[in-house]
Structures are given as structure tokens and as C-alpha cells.
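As C-alpha cells, here come the structures.
Look at the two complexes coming up: chain A is in both, with chain B in one and chain C in the other.
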Partner chain A sequence: MNAQQDTKISARNVNVYYGEKHAIKDVSVEIADKTVTAFIGPSGCGKSTFLRCINRMNDTIDIARVTGDILIDGEDITDPRVDPVQLRAKVGMVFQKPNPFPKSIYDNVAYGPKIHGLARNKSDLDEIVERALRRGAIWDEVKDRLQEPGTGLSGGQQQRLCIARAVATEPEVLLMDEPCSALDPIATAQVEELIDELRQSYSVVIVTHSMQQAARVSQKTAFFHLGNMVEYGETDRIFTNPEDPRTESYISGRIG
Partner chain B sequence: MTKSLYSADARTKRRNAAERRFKAYGAAAIGIAMVALVILLTSVVTQGIGAFRQTYITVDVPLPEAKLDKSGTRDMAVMSKVTTIGYAPLLRDGLVNAIAEAGIQTDLSEKEIGDLISKEAAATVRNRVLAHPDLIGQPERFSLLADGRIDGYFKGRVTMASAALDQNTSPEKLDLADKLRDAGIMQIKFNWAFLTAPDASDQRPEAAGLGVAILGSLYMMIVVLVLALPIGVAASIYLEEFAPKNRWTDVIEVNIANLAAVPSIVYGILGLAIFINFMQFNQSSPLVGGMVLALMTLPTIIISTRAALKAVPPSIRDAALGVGASKMQSVFHHVLPLAAPGILTGTIIGLAQALGETAPLLLIGMVAFVRDYPEAYSSATGLFGDPSTALPVQIYNWTQRADPAFVERAQGAIITLLVFLLIMNTVAIVLRRRFERRW
Partner chain C sequence: MSLTLPLLVIIVLAIVGSFLARRRALSVSGGDIRHLASLPKQHGLNAILSTVVPPLLAIIAWLMAARIMEYRGAAPLWVPLAIMALAVAGVVLSVVKVSNTFRARTASETWIKGLLIGASTIAILTTVGIVFSMLFETISFFRQYPWTEFFFSTNWSPNFRGNSDLGIIPLLWGTLYISFIALAFAVPTGLFAAIYLSEYAGPRIRGIVKPAIEILAGIPTIVYGLFALTTVGPFLRDYFAQPMGFGDSASSVMTAGLVMGIMLIPFVSSLSDDIINAVPQSMRDGSLGLGATKSETIRQVVVPAALPGIVGAVLLAASRAIGETMIVVLGAGAAARISLNPFEAMTTVTVKIVSQLTGDTDFASPETLVAFALGLTLFVITLGLNVLALYIVRRYREQYE
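And then the complex of A and B:
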């Protein structure tokens, strides 16, 4: 694994406060392009909060306050000139619970490209939808029923549909917030396989509860504990030879 | 020693008894409510159903040119000089002829026979003749309203005993009415006029109808819908989706909840002070009534719309924002369509509440006696500016009148109002079923 890939996201001294609560404490991290980076840690350690900083989803929470710089391709996304709507087209997100729109499968995927004006006409849009569904590894299962509601799919299919929806807007970064926590082992395996393929085109950041999952899909791993980023490095090394005693306690099951 | 599971211990018995008692209380409460509802409906229907049936006298009325058109040229100016007083004897003649033809014996004088016909009937004939002047010259068959006392006799409201004490009728007249009915000259028919005719004066309850009140209520509902729905929904969307959560929005929220509990008559005083005295809109007009009711309905719509918006799972908003939709796109493309059934239900319930509201309308003068159908738009009074009444006010109005025939009318109006409310609630349920989507 090449450790010296281009840096895609660079976070410097990021702090997040929810009202009085100091949720993220001075986190700095460099996330590489075309890599899967996993955030692991016990519940409430701030890994999801940090993930949501990267596409400014925390803006939607009134009491959340973010300080520090987050750079994507060298541009500070916390700069007031940055429109979060434009940012989120570039940084896609997949949520913990599959959340397809209560619309047809086709409309679910087509929605993003439509509002961003990515398609000039219907055949363009058809093409984008097919490409996204293929990338979401769900095309073969739904190609005959694109007009059926997305909510009628099984949980695993819904989650892959959500991934297809996220990649349809041609993002450069894909954020995944525990994408498999609501799925059964078979669906999880399918999604993990998909994540590995997505690495070819995107910088993927995944938050996960499962250390096995982090070990299976990621090249880099960051361990969060009580709002601090305790350790960050190659996945193999974190799991085999952690430097910090807290990391070791966590991966060996003593805390968390 | 182990206890057998076949016999319940004392504690379990007590718990089971408590549960049985609780179920019995619930069933009793529902039973009482059902009995009350059945009594109410039975009372309203038995007393009010008569308003939908009316006694008519079908006779050939002579329309001599000598009396109705002295000029002989069908000149409107000349013809309209003949008032209903000029027409009344013709109606009487028609009835006297019919009695003679049928061979019915009666000791009543011609004038007394004429009393069997409603005073309203002459106006009906006159209007018809003025609209169709070519009818003049030969007798024409008319269905004439019978007098209210005669109508009441067939509905059981007037008896021979009460007629003997009544200076407006007599047992002999009722006797003649019986004979006329046997001869087929007098019939009881479905009373469409009750739904279409305007109100009538104290002396002619048989002619009173709900036409003006229904139109007035319809106009007001249009005003309420046009004002309250967009304002209410816009306010709710702003408060729920866009407004920062701070002390000011808390204050607004508490006050909206309080407004929903303000007695409706207070809105009437507000409407009187602002819309009529200050803004100089016409009193008694559906426009002012509608605006007052819209104010009253707003809190209901806002509260139910906010509840509907709150019920949309946040994951849908996240999904929309996550693919780069703006806040407004996420609300209008995703949240609002999902909340639509709830908003519709709330709106229709608000409208139904407004439809049945009486008190504020009394204060803005909609309790007036109105005979002319209000125009939706006229150049003199503007949009919905004509004086009119409304259904609940008409009910209130009729219950104030002395003649018991109006009690029947009032109960009939209550049935009409209940039917409208039932229709609106059914529409709400159907819309809800149709648009409800699961996620």
C-alpha cells in the first residue's frame, strides 16, 4: 500500500461544540485520495461528528459550532465564501440508516443530477442513472423496475441505492456513516465489496463500529476516543501494532 | 411448597379484577357517548326532516291580459306595475275553480279559500309571468306553496284543536285541505326551495330557505381557504424548518398555541374593530366574515401543519441535503409532499370548524335578514362584498322566531350543516388515504 498518496482532505485543529459539550477536541488529520479511511472508536467518541464536519452537515444543527480548518484540495471549506450546497455535491454522504426518498428508484438517483443540472436531456439522465446504479452494484437487481418505489427494496438494496444516489452527483469524496449497521451479514459483505471498488474513483471515509469491517475495507484507520483522535495510521499497523495503550485496549475489547 | 399455576393467587386476581374494571369503565364511557349521539341525531332528524318536505297546491291559474297587462303591448314598465296584491286574487280564483271542478263541497268564502295559499305564492307567479310575458292570456299550471299552517297540519305540528284557537287558520280550512289532498290538488313534495330559496319573513315560514346562507358560507369558505392555507402553511414551514430555535420563536410558538384557545367571539370583536371600523370593508359581507374566520382558523392550520412537518423523519432531510439540495429544495421537493396529507387534514378540519362558527359572525353583522342572493363580485361592493348570512347564523336566526314552523326550518338547517361537515370530513379522510405514503 502506498502511504505517500496525494492528500485529499486536510483537517487542522478541528474543534466541535454542541452547546456546552466539547465533542471534538483539536483533531488534525490528513486523508488521502483514492483511499478508504476508517474512523473507529466507542459510541459517542465523536467519529460521526467529525465525519459530518467534512460536508458541513453540522450546519443543520443549531447548537453545533465548529472551529479550525478543513481543507479539501487546498480550499478551506469552513470559509464563509463556501456554499455548503455546492460543497455537498462534491462530498457525497451515505447515512447509517438507509434513507431512500419515498419516490421511484429512478427518481432517487436522478434527483441529485437534476438539481445540479448535470443532465442536458432525458437520455443523458438515463445514462447517469444507469452508471450510478451500476457503480452502486445494484443495477442488475433493479433495472427492470426502475419506476417502483425505492422504499420497497430490502435494507441492503436500499443502502446500495443510497450509495448509487450519492455517487450520481459525481462527488470526489464519499462519506459513509456506519453504512452497514442496519444490514445483515450478506448485505454487509455486498456493501463492503462495493466500498472496495469505489476506492478506484473516490476518497472514501467510513465510520464504523466494527473493527473487523475497518480491517477488511480500509487502508488507513483513525481511532477516536472521548473526542480525541488518539491514533491514526496504516490499518494493518493500527490493528497489529498500536502505539497508544488506549487503542490497544479498544481493539482488544477492554474498552468501548 | 410450590404453587399451582392452575389457580390464580390473590395478587393476580386483584390485578385481573382491576383490568376488568378499567375495561368496563371504558366501555361505559363509549356507551354513554354513543347514546348521547344517537339521541341528538334522532332529535335533530325527526324534527328537521320535515323542512325537506313541503305542501304544494297544483292548480291552473288564470292569467287574464286585462288585469296583468293593461296596455296589451307586453310593455315591462306597465306589467311590473301590477304588484303581488294584484296577482293574489288570480291564484285564489285558480284554487276556487279547481275545488269546483273536483266537486268538493265547502262552506268557506272565496277569501278564506285563498288563505290556504301561501302569501309567497303570488310573488312566485308574478316573477314567472314577468320572465315569460307570453304566458299571459291563457291559464297556466302552477305549483303554489300552501300556507304554513296547512303544511304544519300535514306534518302534525297543527291540530284541529290548535287551529280552533288560531286566528290564522281554522278547523274548516284544515278540513278543506284534507279534501284537497284526497283530490290530488294538494301534494307534499321534496322541498328543493329549502336549499335554494332565500330567507322569508315571520309570516311565511313555508317560503324560508337556506339559499343565501349556503352561498354566504361558500364564499366565506373560499376566503378562508385562500387566506388561511397559504399563510398558515408558509408560517409553519418557516417556523419548523428555517427559523432559528431561540427565545423569540419560543414566544411565537406559545402564542400560536394560545391563539387557538381564544374564544371565537373575540375574533369577531377584532374583525369589527379592524376590518369594518378601521379598514371600512362592508359589514355583513362574506369577505369580512371570511377574514375573521381565517384569523380564527390560522392557529389550527399552523399547529396541524407543524405536526405534519415534524412527523417527516429527519433522515429524509439528511438525504436531500446529503446529495446537495438546498434547504428550500429539501423542504419543497421532499418534506412538504410527505407532510401534505397531514396539512390537508388539518386544513379541512379548520375549515369545518370555521363553517360551524357563529359568534364572530354575529358581531360583524352577518345576522341580518337578507333576501337578495349575494354576488361573488359586483362593481359596487367588490369581491364577496354583498351582504349575506351564513348557515350557523341562519340557524340561530330561525330559532329566535315565534312561529314553530321556523323550529322545523332550524332543525332542517342543522341537518344541512351536518351533511356539509360530514362531506368535508369524508374528503379529508379520502385525501389522507390517497396521499399517505410510507417511508
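And then the complex of A and C:
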């Protein structure tokens, strides 16, 4: 229980601007290690934007500007001296839309391990790929067609391939932006199982539009609304006894 | 009687017909256009199209018929009369047909589709016409000159008093050698420029550099040729060919190849730039999100994703290189020769087509007719390249749609 309380990520007064648009307004949050944290909130409230701050993916958007501090293991990752490339090896991400590379299924998963030199030889790599595909709950469907293009899979399979690709690099933090929005109930259950398993060793942040999913998989929940983080706390409490009237109306389906 | 009057009549009838059809549509609807299956303006459009299209087709048909029957002089009286009759019939029928239930919208769609089919047919028929015009001359060439000699002889020495050697191989060799050098220069340069523009340059620099590169594409090839003749050729001769003992000719394969390469850079770079930009941002994000650097992302994800399109661009550039004439005349000379030395003068198929058709020509001798055989061979080669390029580009498009 004690380990769960260690802070992995600590965001202080984070603001994000897209040009003139103020997309994240002064958000501060402590995300614990070995915990699943859910971000919920209506569409366009800034969940993805905030998630992208944590691995500095907003650097790739010309008009985006981020202020404030984000500490991972006590190190300020917004410092310009921090290499975003190294950071992203540590903080993996599954995107809202599946984005497999136009390579074979095998090469999609092997991409990260190859870049970071995680495999010493071919059989090492084979093992890493198989393990990642199993964790992504897609091994059985693709084990006979590893050399076929990843873009030829169905949308839900592609998303699970992207999950496998992200876990293959063994990140310490995994950011998942609506990982189950394209999945059927069975695959969703498998991915949720994976999230639960990842929690043993990593810190997982998941954006979801499904309250049930947030309630099922997460221990902490943050509710975003119009760029503000309105409420943050234990998942059980947020869902049974929200403090803020906006959280209450969102959970009961009145803000959409 | 000339065809001016019928043309005028068609225009006037179309205007009148459109007006009448609208008025009639309004009156049959009893003032409430919701009773009509089609709007009054659609009845009007239908009237215009059915008045204009059939007579225009008839005019074209008559022009072709007159050519085929070798009819000279003004058209006989019945032709303009028939054309005007068609126009009148169009007006009358379309106005009479106006009713609450007549679907003028569908009818005018049919006319428009007909017009569009006509336009694309013209494009295709012209190409077919070009091929046939060359085909007939080529056939009469091969009646006078053995095709084995043409395709396999390594000697090109036309002689207008007869007894020529007309082997295509030295010309093809020059063509391919020069094109190869041009592509070897243009493809890496153009591709790197495209990668810089689409991945590294900020919007301001991009806004300046991209048009600047594209200006190169607007320079007429004869100007490139002059550049080759007066600057590049002497430069290469004085600084490379002579000191290294490769000969002392300013006209050389190298000169023409380099200058042609410069000409092709904007072609390769702007096509590749479009293709690289079409690679979805989400793919770059996926790679960057895994901790890949920018150049790893470009090398391992962006370029492979764009590769089929880039290959298509290169093949299109190749077919331009093969068809280029002016740069070769001024840069590489006119001597048909097979040699590996890139500093020697050589020549290409296109140059020889021009030289066989200029001066005293008699369109019956093999020395002249060979130009058509050369042209057709070139056409087949570039057609093959273009088909291949289009096929590859199309395959690439399907990947993301």
C-alpha cells in the first residue's frame, strides 16, 4: 500500500496554449507510481493535450506552448536541457487513433526495441516481440502473419498492435489516450487486464470516455472541464461522492 | 453557305428555349413550384443543353465526314439546314416536355455526362491519333529498312545518298547514359531538398525556398542548354576532362547530364515534397512517441511510407530526361557514339529525330522515315515508364485511404 503512494509524476501550474487558445489552465496534479490514473471529461476539455505534456509530444506542434513544471521522479522534464527523445523512451504513449507504421506486424513491435538497443540478438528480439504482442492481447490473432503489413489489420487489431508496440520498449509510464474506443468488449476486457497487470510495475495514465471503464481500471480519477482540472481523487470517491457540482453532473450524464 | 448562321441560330434558340421552358414550368405548376418534379431553372438548363449538344455533335460529325470523303469547299446547303433543324427540334421537344412530372434534372444530368464523355474521348483519340500517325510512317520505314538492322546494329551513319546505317543502339546508349547521370544527380538532391522542406524547414523558410526551387521548373530547356554550352561544358573540360586526360571536348555526356539533372531537381523535389507531406502526422507521432529521433523517424518511417510515391516521381522524372532534346543538342553534341567515357560527346534519340527531319527532306526515304521509328520507340519506352510510375503511385495512395 505504501508503494502506491510514491509520486511518479508531479505537475505544477501547467498551462498549454495553442496560439491564442488557452487549452490547459493552471493544472496541478500528483500522479502516483504503480497506479492507474484515469482522466475523464467532455470532448475538447484538454485531456489529450495534458497527456501529451507528460511526454513532451506537444513539442512537435509548432503553435503549442507549455508553461509550468512537470517532474518525473523529481526531474523537471520541461527543462529544455532534458532530451525529449530519452524522455519518450521512458514515457510510452498509445494514441487516440491507431497509427501502425506501414511495416510488417513484427517490425512495428520491434521498432522501439531496435532503436533503443534492447535486444542483443534475433532470438532476443523475437522474444520481446512475442511477449509484447501477448500483453497487447493480439498474439493469437497475428502469430501466423507476423510478416504481413500492420496497416492491413482491422481498426481494433491495429489499436492493440499499437499497445503492444508501446509496451515493447518497457516504459516506466504508459500514457493511453482512449485505448479502447475502437475495441469490442472482449478485446476491451483483455486490454483492461493488461492495464491491471502493468500497474504492478508501471504508472499508467488512461484517458477514457467510459465511466464504467474508469471505475473498473483506475484507482485515481481526474475530471477535466474546459481546460481546468475540476476534481481529482480516489476513483471510488469521485464516482460515489463528487465534491464539485460539475463533476456530479458529468458523471450523471448532464454535461456532455 | 457557311456554318456561321447555324451557330448563331443555335445560340439564340438556346436562350429562347431556356426562357420558354422556365416560363412554361412556372405556368404548369400553377404558381407553386413544389408541384414540379424539377425546378424551373433545371427545365431551363435541360432546354439549353438539348438545343446545343445535338447540333454541335452534328457539326463535328460533318467536319470529320468532309475530311474523310475529301470534300473541299463550303458545305452543301442541306448541312446547315439539318443542323438548324436539330436545334429547333431540341427547343421544341424540351419545351413541350415540361410538365409537373418530367424530371428535367435527370435529363440534364444525362446531357452533361455526354459532354464530359465527349471531352475525355477527345483527349484519348488525340493520343491514339498520334500513335497511328507515327505507326504508319514507321511501317513504311520498315518496308525499306530491315528491322533487325535498326534494332541491333551498333552503327549510326545516315547518308542521304542512300546506303545508310541506321542502328538505334548508339542513340539509345547516349539517351540512357545521359538520363542516368541526370537522375543520379537530381534524385538525391531533389529528395534531400524535399525532406528538408517538409520535415525541417519552418513555415517562413518553406514559403521562400519552395517557390524558389520551383522557379527552376519554369526555365525553358533551351536556356538550360545555353548554360550547358557556355558555362558547364567549358568548366568541366578545363577542370576535369583535360587534367584527368579524359579528352578535350566541351560537349559531353557529363555536361548534358549535369544540366539536365539541375532541370529535374524541382521536378523530383516538389513531387516528393507533396508525397512526404501526405504521410499522416500520426505516423510521425507514433515513432517520436516511442523515443525515436527525428532523423530515425524520417529514415525508418516517413521515407519508407512515402517510398512508392517517391519511386513514381523518379520514374516520371526519368521519362522527362529521356524525352529531353535541347539540353542534349547544346550540351552533349550530335555525334552518335558508344563509349563509357562520360567526357566524350554523344547524342540521343531525340536529337537525331530532329536532325533527320530538318534540311532537305524527302518523306519517302528511309533516312527521313527513321525519325518516326525512333519516335515510336521513344514513345513506347516513356509510355512504359509512365504506366509503371502511375501504377506505383496508385498502389501507394491505396495504403492510406
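By our rule, the second predicted complex is superposed on the first by the 249 of 256 C-alpha atoms of A that agree within 3 Å, B and C clash if a C-alpha of one lies under 4 Å from a C-alpha of the other, contacts with A are read in each partner's own complex, and residues count from 1 in each chain.
We adopt the following convention: contacts are C-beta pairs under 8 Å (C-beta built on N, C-alpha and C of every residue); 3 or more make two chains touch, one makes a residue touch a chain.
Everything quoted here is computed from the prediction, not taken from an experiment.
Student: Following the overlay on chain A, give me a clash-or-fit verdict for chain B and chain C.
Tutor: clash
Student: Please work out whether A:88 is in contact with chain B alone, chain C alone, both, or neither, and reply first, second, both or neither.
Tutor: both
Student: Quick one: is A:200 in contact with chain B, with chain C, with both, or with neither? Answer first, second, both or neither.
Tutor: In the superposition, A:200 touches no partner, neither chain B nor chain C.
Student: Let me test your reading of the model: by the given contact rule, A:115 touches which partner, first (chain B), second (chain C), both or neither?
Tutor: Touch status of A:115: both partners.
Student: Using the touch definition from the top, say if A:169 reaches chain B (first), chain C (second), both or neither.
Tutor: both
Student: Shared contact residues on chain A for chain B and chain C?
Tutor: 55, 57, 60, 62, 85-86, 88-89, 92-93, 95, 97, 99-102, 111-112, 115-116, 151, 162, 165-166, 169
Student: For the complex, which residues does chain B have touching chain A?
Tutor: It is residues 244-245, 313, 315-326, 329, 333-334, 338, 437-439 of chain B that touch chain A.
Student: Where on chain A is chain B touching in the complex?
Tutor: 55, 57, 60, 62, 85-86, 88-89, 92-95, 97, 99-102, 111-112, 115-116, 151, 162, 165-166, 168-169
Student: Contact residues on chain C for chain A in the complex?
Tutor: Checking each residue of chain C against chain A gives 202-203, 280, 282-293, 296, 300-301, 304-305, 399.
Student: Which chain A residues qualify as touching chain C in the complex?
Tutor: Its residues touching chain C are 55, 57, 60, 62, 85-90, 92-93, 95, 97, 99-103, 111-112, 115-116, 151, 162, 165-166, 169.
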